[in-house]
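In what comes next, chain A is part of two complexes: it sits with chain B in the first one and with chain C in the second one.
Take a look at the complex of A and B:
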């Protein structure tokens, strides 16, 4: 556990050298989150590091259960971390007292996956959006009312809904309320935990656009978590791919999407259905790249976490955990955690072993 | 599977037959029946605020020549609708006047008990762990203690005193409030909106007071209505034992108690206040359960 955590510390999402890069508004270092379950102790987040600069969006992708949401909650200090630190504007959140942490919270806010569930059913839209201002004592009554009205306008909520209850709104409107609440204090960092997954596809685009505009308008540093790659691609400057509690590849959005190096990333990207002639073939490839199901966190594979589903897996993968390696091209922001990425890129990777050879129809 | 369903809806096959009786009574009320119940309660409230409007006679005026008149009989003062007692006092007027203290004690004791119970339930349910265990054990200990005996003990120590009622009666009801509120708080604290308020920066007191409390408030209100009835009954019991209200003040329970030695010769002195008490408790219960059933779906 601890060795993997230390190894993870060096793979910093989007940064070749943390010391050399300008300090981000949010710095996450080697975060480990563990839970005790009935089946034993699981490590949901295993040594994740990342940083975010103002005005920048980091997209975090991975399948359900890989620890994305837990990471978001750890960053928000909603679940305890076993290890690591979260620095917000040069303040280590982990060292703060409860009261100090509470006072810091207006600088980092969160948008939740379940829009309806994240809103108190007995509070009106305007009091929901105004609550962060109230609890942080920002502005007087009139000033708060102005801020609430502004926030509602920014997220595209009509004035008429101000006195409604969340249950009287559509899903898209509910999420707009959630977003308005999260930006009303003008935070430095916005953590969006799958903000559109629970919405209709037609609404998703609207909400994405709202977030896109807000980021530019308010100079937000945004951590955008999703399992939908097309959404992430549209919104993100940089992308981190998470698998079983670890970040396996990270780089600028264009690097990761056009030249994915990790077989898991390749699988994720090729598995996005497309309406074109190659589509069927692509999906066939994807099926070869991501085999079977996510292993249990209770008993993670030795060595490389991904090897049980990887068609290129060798004995080396089972024996040692791959260290993060820089993919040597221009930006120097592209990192991957795979023993064989060079071979795979060059087409000279070890052949997929016979038992993992797909019996695809 | 059925267990899961039962858990979620709070209804289920395992419920006691008692609940089926309530269910049937509520069905009999139909969609408008509750108006009758509310009217009855309004009458009680009016009688406790302005008893003189309802009482045909001075409730304390004695007239030894018209003692123990049966219901419907008349004296020179006029008709005694529900008869008179050993001192010739009009029973109906005494019942009307007794309403005020009966209601006052029941409502006050219930509110005190609800206050304690809601506070303990919120704290226990939200924080869980040691605080929760401590508070809930306290409630169980309280429930296990025979409060009537405690009341009699207090009586012998402090002498007859209405204050004893306002100590003992809340003790009877707070564990009920604590249990219900705790269960709700346990459920609600897992909701995303509570997590969202932590993320927003709400203090614990804000979360308890502004988020949890308003979300359990409807259930508390319903429970209050039901428990007022139960407290009325307990107060009658204590007054019957001589622990509670002392003459010349009067409550329904005290009237029942005063009539008891004469049950064989003047049944109305015991039975009629008893019937009024019974109806009131039933009405409060029905109304509470009716609202509960109505709001059940909406949470």
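Take a look at the complex of A and C:
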């Protein structure tokens, strides 16, 4: 945790030109979230910074337990932060009273994984979609009805379902209602936490297209959290890779996905099963890049968080935490947190260490 | 591929009687698997792929009100006709199964070592101490570190990936000839998925066990299976070797499934192409091609008659009228929808 947060000490998912310049609708700065558990205190989010510009999608990837959902909740001010700030359109959300915060909420909205769980089963589709407007006291009755109709059209819900209950809708339609609810207040930022992972493949494609179109049409800034890297790559302009509460690599989606520098990012990408002839061989490679299991947050490794699973780890990795470094050729957007990234890229890294035990028989 | 098949499924039908009428979940499915073969079964939810697998072992609740017909020859016996006692021996014995959520199939109150040992005593007639040490050995074989200690723990102390390994060790405990894996990695992180897929592949080879893997993800099939069959509305619409299918998908539904998901290797390539409409909720059983209402290439015949399976390449079958007509004309059968576009 960076208690003496010098500028640039936390890996910032975004442009390199530090400090001052206005950088977008959402600025997340050195956020720390801790929880007390039965086993002790854990740091779920450990000094994360990022920013989002209008019309831009930032994909956030990492294994379950890496802190990506907690970060989303911290940004939404749904869990308390121990440190750091979240600025939405130049307002520091952490300094607002409950009431003021509620008034800001319509500018930042969230789409959840399970559409059914987030919809009141007794409310009709149109009242569900209109609810955020009523809660925030936006518009008069006629204006609200117009906004609801517009939102329904934007997400591709036919007028005919306006009076139906959530239980009368398909899974895809339910998620469209969830999305319509979150855009009806005309937010600047949309935070999507695994919005398609509970849906069948054919429905996934429809919902991904809806989000894609909304981003373009409404000029939304979107934080898109998913464990499916193909979906993230498809939707994101930039991407940030999280591991044990920290961002370990960030950059434009094309840079990070075509030239990943962090061994963890390389392992994640290689693990994606692709429908081609090299599929099995690629998984063998992946197994050599991500060793063993995720360590417990109760006892995170010293130095580099990833070192216990990293085939390139050396004594240096255990001794000192790697600072974020800019990957030189990429115009300042691509950052990585690894002592050995240059050596790995050049093929001259220390040989994969002996802890690369074989997992299988 | 020579010799007797291990599994021979012929004209399998499964009909559920529901409040809103019969649902033909499986509608005349036939296929074979050789010993040690690997077969991926792909389709959307409701295509009948899981029901097919459950029907092989008659794994339905009374409340499902399922009617099964056809035949399932496995190792010489017809599993649809043997008595319940013999079938129990096949389940978890010669045929192992793993599911998406291991927690629902593990007893939360029993240590994992005891659960594996119980199965060994039941199916392999082992004594108490022999079974206990074999259980530890099995946990080690599926890549669980410190198996002696872990054998004494309850399922909920294992992570999702480790739990799935426990399930696999339980499924292979009785040296099955066939392992059926129904969406075994859908709930797992991608790195853990990679480990489990490799493990399944390695076990198939080392234990000379056939693998039937049910999934919606062609990437998962490519990593683990030599053959693939695609199901729609209770029917097999395409069968091929996976290596053949990569760039020679014939059936418009298969092509639709392949184009449906963003492929990792393609950077943002515009909008995705969802298949319009939804699978019929009543399953198959109609007198037309069940996919015709969603197919961009459907013509009159598709709406009037059920298409036959036709050979469109070496060990490559497609149930599509476009393919059938082309085969009859003697013109090239491959990728008929390409021409139609």
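Following the convention adopted for this analysis, the second predicted complex is superposed on the first by the 343 of 361 C-alpha atoms of A that agree within 3 Å, B and C clash if a C-alpha of one lies under 4 Å from a C-alpha of the other, contacts with A are read in each partner's own complex, and residues count from 1 in each chain.
One rule holds for everything that comes next: a contact is a pair of C-beta atoms (placed from the backbone, for glycine too) under 8 Å apart; a residue touches a chain by one contact, two chains touch by 3 or more.
For clarity, every value in this text was computed on a predicted model and none was experimentally measured.
Once the two structures are superposed, chain B and chain C can be ranked by residues of chain A touched, with C on top. With both structures placed on the common chain, the touch criterion links A:117 to chain B but leaves chain C unconnected.
Contacts of A:132 after superposition on the shared chain: chain B is touched, whereas chain C is not. By the touch criterion defined above, A:43 lies against neither chain B nor chain C after alignment on the C-alpha atoms of chain A. Contacts of A:265 after superposition: neither chain B nor chain C is touched.
By the touch criterion defined above, A:253 lies against chain C but remains apart from chain B after alignment on the C-alpha atoms of chain A.
Shared-chain residue A:229: touches chain C; no touch with chain B. After overlaying the two complexes on the shared chain, residue contacts for A:102 are found with chain B alone; chain C is out of touch. Of the two partner chains, chain B is the only one touched by A:78; chain C is not.
By the touch criterion stated above, A:206 is placed in contact with chain C alone, chain B being left untouched. In the superposition on chain A, none of the residues of chain A is touched both by chain B in one structure and by chain C in the other. Contact residues of chain C toward chain A in the complex are 44-45, 141-143, 145, 159-162, 189-195, 197-199, 201-203, 206, 216-224, 243, 246, 257-258, 260-269, 271-275, 278.
Residues 191-193, 195-203, 206, 211, 214-215, 299 of chain B are the ones that touch chain A when the two sit in their complex.
Residues 73, 76, 78, 102-103, 105-106, 109-110, 112, 114, 117-123, 131-132, 135-136, 178, 181 of chain A touch chain B in their complex. Of all residues in chain A, those touching chain C in their complex are 63-64, 170, 200-206, 208-209, 212-213, 227-231, 233-235, 253-254, 257-258, 267-277, 279-280, 282-284, 286-287, 290, 292-294, 359-361.
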